[in-house]
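The two complexes that follow have subunit A in common; it is paired with subunit B in the first and with subunit C in the second.
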Partner chain A sequence: MSRVDARVDTPGREGLTGTAPANLYTPVVDTEDITVAPDGRPMDEQPRWRRDFPIDVPEDLYVARRDFMKFMVLTSLAFTAGQFWIVAQNWLRRRRGVPELKRIAGIADLPVGGALTFVYPQDTDRCVLIRLEADVLVAYSQQCTHLSCAVIPQAERNRLYCPCHEGAFDLRSGRPIAGPPNRPLTRVVLDVRGQDIYATGIELRTV
Partner chain B sequence: MPKPAHLNFYIDPNRCIGCQACVQACTECDTHRGESMIHLEFVNRAQSVQTVPVVCMHCEQPTCAEVCPADAIKRTGDGVVQSALKPRCIACGNCVLACPFGVPEVNDERQIMMKCDMCYDRTSSGKKPMCATVCPSQALFFGTREQIDQLRPLSEPINRFQFGNQTISTRVFVMAPKQIARVQPHLDVTAAMDESPQSRAVLLKVVADPFEDVQI
Partner chain C sequence: MAVTRPFTREQRATIVYGMLVFVLILALLQLWLLTATMNAYLGGDDTVIWPAAGASLLCLTLNVGLWRYLLRMERART
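And then the complex of A and B:
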């Protein structure tokens, strides 16, 4: 170890003692150097994905002003279009009016604790009618509010069960009690006239 | 804070005595407790006890990052290739297969790739990596170019490697004899696969045959 000179100021041996300041030497590599592709060609000749997914963190975090503005403008446009979409949906719903009256079944067809399926108001909207007690009838859309699987009424467990993701709804109110769904089922408004059960409307609920 | 640019990693496999101090030191680190990011490889275990410490070489064109389908392996501005980003890594193991030095490993339990990042928590605050701190024979050395030139006057740091058609330049240096480094400025790693060492002294043709036309 006699070759190592302890003195920092000896020419050509600066910093050998480890006491030299960190900024004594100029950096040999540029700290902001760009990613060099394996084929060595410049970045302009590289495919677009290489510029989109750079390896170096400084480039990965870099957001160009033009890209940022593009993002902001497109996002605002999407929000504005969304407002018009909501207005158009509301107008269409009002234009459709109240769904017409429809006879589902006779009371005598449905024993207490029993259930039957029907379609209302369109032929594609499957619903389920359940008789909880002698004079308590409920009807819901069969579409689970999570991912639109068909729910199954389970009167003995007092719930509507969705087998897709183990979701469950309260039988009396249609509100979610377990699993991924967090909105209640769409309720079908019922009316009992004489010995017949009629569907008179649907009640969309968000909470 | 980045790793100081004037401090570099120098590996001198000739000086490795196989004591496993680097492995133990790496294992004790809190960021990956119980797992060593440094691999101590036997060159030819049947005939020799020679070992080689393998740390991440921090390539200038990192193959692991090139092949990563999840864009999870990133290199900081100071040239240190970091471990896979936790939210992105899908533990597919592409990097494990692609790395020519065999550095990355997939942790099956945690489903993430972990590799040597030159102890970024230490080097970024000006300290040495843990393996270089504990190495008793200075086979792993972390310091300035001036220091290594002074300490190893017969050796020259080399950072270019040839794997078949792939040439890789790295931020970590390997020490080679000075006369050979002048003749052949890169190590031809795949050339060593054709020939197995004959005697107890391991001599692999990673450099041009040193005793053929070069006087040492």
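And then the complex of A and C:
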């Protein structure tokens, strides 16, 4: 006498073991499955484009969710691409190395409370040098850390002002004090040698 | 031989809803990662760049895995 195999998936014994309903393997009839193609063949045999545009609600709901999921997976791919774009940009920035020493102006060219603009380290990087006191000089990138508008020094209000979105930065520290920016301005490291002011590097900051 | 039965439409809709929840959570996590990494990069902090890229790649792998499961489910139906 052979032993009875209790598994429901044994060939020829489907649905006979008492562990599953007898209609387990009968085709499921969906009363709402009302889509009929013009050629009368079942939907599963229709071309892809026709299956993607069903006329009954449950199937349309499924297709819409499936396509939304596909869109979100592509969005996920775009986010990952963005992450690796940052990796590449960081690699390029490291490759550029430390900026060179550059003379900005003579001390005599800048009165106390005065400001002048210069470019550093690249010709496209506009910066602003401000003389706060006789022996206190500060310099920052002129690009607002919100959306890169040019900031304007307002020594009388002790701030650098961004007119685009009403942003403001503290004149002494370059840290944001109002508006949408949340990172400090890039600081230009200065060195006074004799009667000349030099830019020796830049300091990026997150806080 | 294992007997496979295609999912009904209701089952497939439930499955795709469940997967969508995971995909949305992972995509939101990636969005947060991207903005936080960009902020750190622009602020000169490059210590988080590679770990964030790895985490984002992991999220993408999970999302693609879910998407492939959905495609397999569709193939099993036909």
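Methods note: the second predicted complex is superposed on the first by the 117 of 207 C-alpha atoms of A that agree within 3 Å, B and C clash if a C-alpha of one lies under 4 Å from a C-alpha of the other, contacts with A are read in each partner's own complex, and residues count from 1 in each chain.
The rule we apply is simple: a residue touches a chain if its C-beta (ideal position, glycine included) is under 8 Å from a C-beta of that chain, and two chains touch if they have at least 3 such contacts.
This structure is a prediction, so every number in the text was calculated from the model and none was measured.
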Subunit B versus subunit C as contact partner of A:G194, first or second or both or neither: neither
Touched partner set for A:Q89, first subunit B, second subunit C, both or neither: second
Partner chain in contact with A:P47 - subunit B first, subunit C second, else both or neither: neither
Touching partner for A:L77 - first (subunit B), second (subunit C), both, neither: second
Partner chain(s) touched by A:T145 [first = subunit B, second = subunit C, both, neither]: second
Which of subunit B and subunit C A:P58 touches, first, second, both or neither: both
Which of subunit B and subunit C A:R66 touches, first, second, both or neither: second
Partner chain in contact with A:T206 - subunit B first, subunit C second, else both or neither: second
Touched partner set for A:A37, first subunit B, second subunit C, both or neither: first
More subunit A residues in contact - subunit B or subunit C: C
On subunit A, positions contacted by subunit B and by subunit C: 14, 24-25, 28, 32-33, 58
Touching residues (chain side subunit B, partner subunit A) in the complex: 2, 4-6, 60-63, 65-66, 71, 73-79, 82, 126, 143-147, 150-151, 153, 166, 171
Complex contact set, residues of subunit C against subunit A: 1-3, 5, 8-10, 12-13, 16-17, 19-20, 23-24, 26-27, 30-31, 33-34, 37-46, 49-50, 52-53, 56-57, 59-60, 63-64, 66-67, 70, 74, 77-78
Residue numbers on subunit A that touch subunit B, as the complex places them: 3-4, 12-16, 18, 22, 24-29, 31-33, 35-38, 53, 55-58, 60
Residue ranges of subunit A touching subunit C (in the complex, touch as defined): 8-9, 11, 14, 24-25, 28, 30, 32-33, 44, 58-59, 61-62, 65-66, 68-70, 72-73, 75-77, 79-80, 82-84, 86-87, 89-90, 94, 145, 182-183, 203-207
